[in-house]
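Can you keep this structure in mind? I'll have questions shortly.
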Amino acid sequence: MKTITVHAARDLRLEDHPEPECGPGEVQLRMEAGGICGSDLHYYNHGGFGTVRLREPMILGHEVAGRVTALGEGVEGLALGQLVAVSPSRPCNRCRFCQNGQHNHCLHMRFYGSAMPFPHIQGAFRESLVADATQCVPADGLSVSEAAMAEPLSVVLHAARQAGALMGKRVLVTGCGPIGLLAVAVAREAGAVEVVATDISNFTLGKAREMGGDTVVNAAETPDGLSGFTSDKGHFDVLFECSGVAVALADAIPAMRPGGTIVQLGLGGDMTLPVQTITAKELSLKGSFRFHQEFRLAVEMMQRKRLDVSPLVTHVMPMTEADAAFRLASDRGQAIKVQLDFS
Amino acid sequence: MKTITVHAARDLRLEDHPEPECGPGEVQLRMEAGGICGSDLHYYNHGGFGTVRLREPMILGHEVAGRVTALGEGVEGLALGQLVAVSPSRPCNRCRFCQNGQHNHCLHMRFYGSAMPFPHIQGAFRESLVADATQCVPADGLSVSEAAMAEPLSVVLHAARQAGALMGKRVLVTGCGPIGLLAVAVAREAGAVEVVATDISNFTLGKAREMGGDTVVNAAETPDGLSGFTSDKGHFDVLFECSGVAVALADAIPAMRPGGTIVQLGLGGDMTLPVQTITAKELSLKGSFRFHQEFRLAVEMMQRKRLDVSPLVTHVMPMTEADAAFRLASDRGQAIKVQLDFS
Amino acid sequence: MKTITVHAARDLRLEDHPEPECGPGEVQLRMEAGGICGSDLHYYNHGGFGTVRLREPMILGHEVAGRVTALGEGVEGLALGQLVAVSPSRPCNRCRFCQNGQHNHCLHMRFYGSAMPFPHIQGAFRESLVADATQCVPADGLSVSEAAMAEPLSVVLHAARQAGALMGKRVLVTGCGPIGLLAVAVAREAGAVEVVATDISNFTLGKAREMGGDTVVNAAETPDGLSGFTSDKGHFDVLFECSGVAVALADAIPAMRPGGTIVQLGLGGDMTLPVQTITAKELSLKGSFRFHQEFRLAVEMMQRKRLDVSPLVTHVMPMTEADAAFRLASDRGQAIKVQLDFS
Amino acid sequence: MKTITVHAARDLRLEDHPEPECGPGEVQLRMEAGGICGSDLHYYNHGGFGTVRLREPMILGHEVAGRVTALGEGVEGLALGQLVAVSPSRPCNRCRFCQNGQHNHCLHMRFYGSAMPFPHIQGAFRESLVADATQCVPADGLSVSEAAMAEPLSVVLHAARQAGALMGKRVLVTGCGPIGLLAVAVAREAGAVEVVATDISNFTLGKAREMGGDTVVNAAETPDGLSGFTSDKGHFDVLFECSGVAVALADAIPAMRPGGTIVQLGLGGDMTLPVQTITAKELSLKGSFRFHQEFRLAVEMMQRKRLDVSPLVTHVMPMTEADAAFRLASDRGQAIKVQLDFS
């Protein structure tokens, strides 16, 4: 079976690995689709991010869907041939964070395609995968592409939970990559009375309108940015910061209402922030990281037509063209979500 | 100017009162529409409810909209002829509850059309009204009927806040009068992944589907009621109890998931409840009463087309036919919301 | 090894069972102390409660402490001879509630001394016990009696979490059995500005003062009960209802402030409640059931001298006098917590 | 009547002003004591802070207590000669923030001794003051010094509310000025299971122990600072950041547990923060600013002996020695809270 393996920055290989077999409680899958995520791009373009660096070859990928090819002993509720979305999150269920319901902070997390521990956790861009049955969520009624969007949607549903109820709130989204665009869609679905999105690309801002943004602002073309939203102590109740860029966050703070909530999803480095304004306005800046229980919900939200993520999948390319796909996914002026086809 | 005044049960009169004039900070309005609410019906049909009884004639009505006919000194932001939704809630802003942000529990509340204190608080079913400017919310873009729906919608938006975030939740609504039907619509708008509604009238259940209910259950025709939702400790995360009927609440409790929230809107009397189940499942039963800041939001949610309440206004009748209108509004098999036309 | 086994109401036997041996990840303990809880008393006095009935002999007990006598393979952090408090809660860690952080609602819970499933879950009133290492919390610095109080204290710490922050709140506790008295102590420790306790026994009310109650009310001797606390819409922010008696709850409701929280710990049957008052005052009635992560905290709170539970252990009796101990524990005029000594 | 008026940095004058008289709903007070706060020191030492600058002479002071000398028409619940703590917070009760229960963010706030609007809001370091009756909280049973501590205690009680329930939490306090020391005391009173305090002065750290700190760390003398608290993803659930110093906050972040809460009270300037760690650990950084309803509670917490703030008042000096008092209050190695005596 073939895999998409990164050896170093810009060194991506289509490799052969032995076919895995499934044991009790496990499921063997023929993979169908896999979306390229920002962290995949960091490994591909830079060999890692921050202090996380590649130290050995690693199969990439954690936004995947496949079809059941074999069922291990004791597995129930899944059928041969069934399409499933596969959760890449594998906590230990035992450590104090798992016991506390914070499974996404598991001390022994094995998240697909992650160089955080060593040996690295191998990913799911591959023709065949063996997963725990508990990772496999039936995706009946979804397209293969939609099923592979369950993971990024889970990230955003988790972030939305950090923000509390969004109904009737004024929501700002900074940074309209796939996560930001899903945040626009989720904010609308969750009843926000107004959704404003900012980015520096008109291509992505067009998508932001398509996903439900009431107003879009091109921060590169608008010298005064969000200044129209700063009177009377600010305008927005909630900000989903999806850019990871310090200036985007710092510029948005004056536009937040006292008591507002900023959910930080974008992963950048150190940022210089007007903490005195956060203090005086009693803002809450909350990190949001991955997800846990939201994965099943993401699948069901799509199945029940609450959210249509299909406009975000701008390209699907065969795994044999992985290198071109990764280069395309790195170009935010052309692509939103690029998926690989493993079939 | 004419008013709709109740003197006793089944004694409703079209009376003449002097035209009110507006002072500083006040607005004079020509009333356009007024919806008949359950409490209006209690005064009309029974002369009160519970320990609250009519002790003098009272003008009814608190779901109203009108047009500005005069502006008192110092009033800004309103124009002659402008359509406004009028909030019937008038807290003192001074007592400890107002100081605590619980304005709806104001110790000196003067809510239109309420017999709770004596002398009673006269209501707003009348040709002319003088209100504080702060009660008047511009309703540009709305129909007169929609503007008069801002009040019941506020009640439901407030109730939704008691429930916390609804996105991705499974929501049950028991009792599909106007409030229950708005709860169905609000739950959908707020991103509920599943909405189930129960009632004993197929007419209202049809409306429940129209407002976004995924499934409806006629409790009178289904002997086992919600038993399909009770396996694995229950199904629903949130219940909006809008019937005020003990059996509706008691029957729904086994269908609630551990940790679920019941928001009680329906006003009934004493109820016998399985408190041991509430305890063992760690349910939360939360009362919801009126609203405060939600009134402005209700208007904006309609203006931004987040919610379409128009299917609920089944009848509009002239104020000269008030008695017939009240009788019609009392018949849940024929009418949802009956509004009076004062123009 | 000897056990305390109930066969039917009032049929309690000191029985011989084979000594259990410990496997990997397990710990063998010589039991030291076990407190008699209300549910033990229900099995002893009535053969069960509600629909839960004894269907086979069952070893009682779930408030226990012991000393380590053997360590299974792979167990770390525990030493031979060490005193440990033993959590009776054994969730599966796999079901959807465990995955959701609601371990106390585990679909496959095996809680010591519980007749809820069949075969029953055998309890921990015994000379020797094998437990999972994860159940055993080192209790260095505590007395044997204190260590055996970790379980009821966990119940109350969990209930306190349902109530949110207690600092500065006015707290009422109805029912001053062991749980109610711990609620008084926890409310004080958590910074309540005022704690009032009610019961019908002056013996327990004296203990309530000792545990930190500012005011105590004997509901049997005071005809107007809590009427001194009902003016201006009520007085209390939080109620811990620990009696399970309908009249206690119903009488307290008029004394609750709008927006107040009632945490229901007492397990009774159906109760007739003024739901209209819960609604109009926007009270929250929240069930609280058992605990999960609070067990470790309970031990540490005692170790750090944040709480002194020792005044509650009024009697310690040898396991050979179990029958007398159960009768004494049933008499709320004489005893608070009766513990058995297994050494 | 004499006042303490600042004209510019280091230009503090004892001035004569006409005696104020009280109108309806107002109270005339003979001032007794006033604590010097950090913002007073900023005006005194630097003529302002950040963009807030003195533009005209301003009477300083907002932590004050006095005795009633006259009662305006309609004032109830206060008596001549009674000691009262005076809340310096005067919101409009009308703007959208007041209507939303966020009175401390009032658009028209008039907070004593504040140069934020122009003309400045004159302060309360003066022999005679006329205040609204609603600002005056009876302080029977408190010393004059304690009554004048109600204001800083309110700030900390408000901050504690931002943190949610503290019972059983591990709390870190960075910066042990008066606010940090009150945070130590409030964390203990609210049931924190562990309280650790850091500062760079052994004098203040000694006070931190006296106020209930379990462990103190002198960050200047300990090269590895909080590194003992960083294993297994961190140690603290809650941080009260009271220093306003970027390095204190940045150093504390690695010691926070995933999901932990940082309440920022210290007012500094821009800070460079590891936002990627805030994101990955899902920390919440919440500003806390002033207070509103907490003022009455602060008085009662002292009256009921829940908190003893008296160790913090290290110096009381006559108003004639104001300049020396301000210099002393600026020296954190010698003084905690310096109060002026106006009698």
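Miscellaneous remarks
Going by the order they are written in, the chains are A, B, C and D; count residues from 1 in each one.
Rule of thumb we're sticking to: a contact is a pair of C-beta atoms (placed from the backbone, for glycine too) under 8 Å apart; a residue touches a chain by one contact, two chains touch by 3 or more.
Model, not experiment: these values are computed from the prediction.
Identification of common neighbours of subunit A and subunit B yields C, D. Looking at which of A-D and A-C shares more C-beta pairs in contact, the answer is the pair A-D. Subunit C and subunit D have Cα centroids separated by 40 Å. Work out the mean CA point of subunit A and of subunit C, and you get 43 Å between them. Counting partner chains per residue, subunit A has residues 102 touching two or more of them. Contact residues on subunit B toward subunit D in their complex (touch as defined above): 93-94, 96, 98-103, 134, 292-293.
Note for the complex: subunit C touches subunit D at residues 157, 160-161, 164-168, 186, 189-191, 193-194, 214, 294, 297, 300-301, 304, 306. By the touch criterion given at the top, residues 50, 96-97, 102, 104-105, 107, 162, 232-233, 246, 249, 258-259, 264-276, 278-289 of subunit B touch subunit C in their complex.
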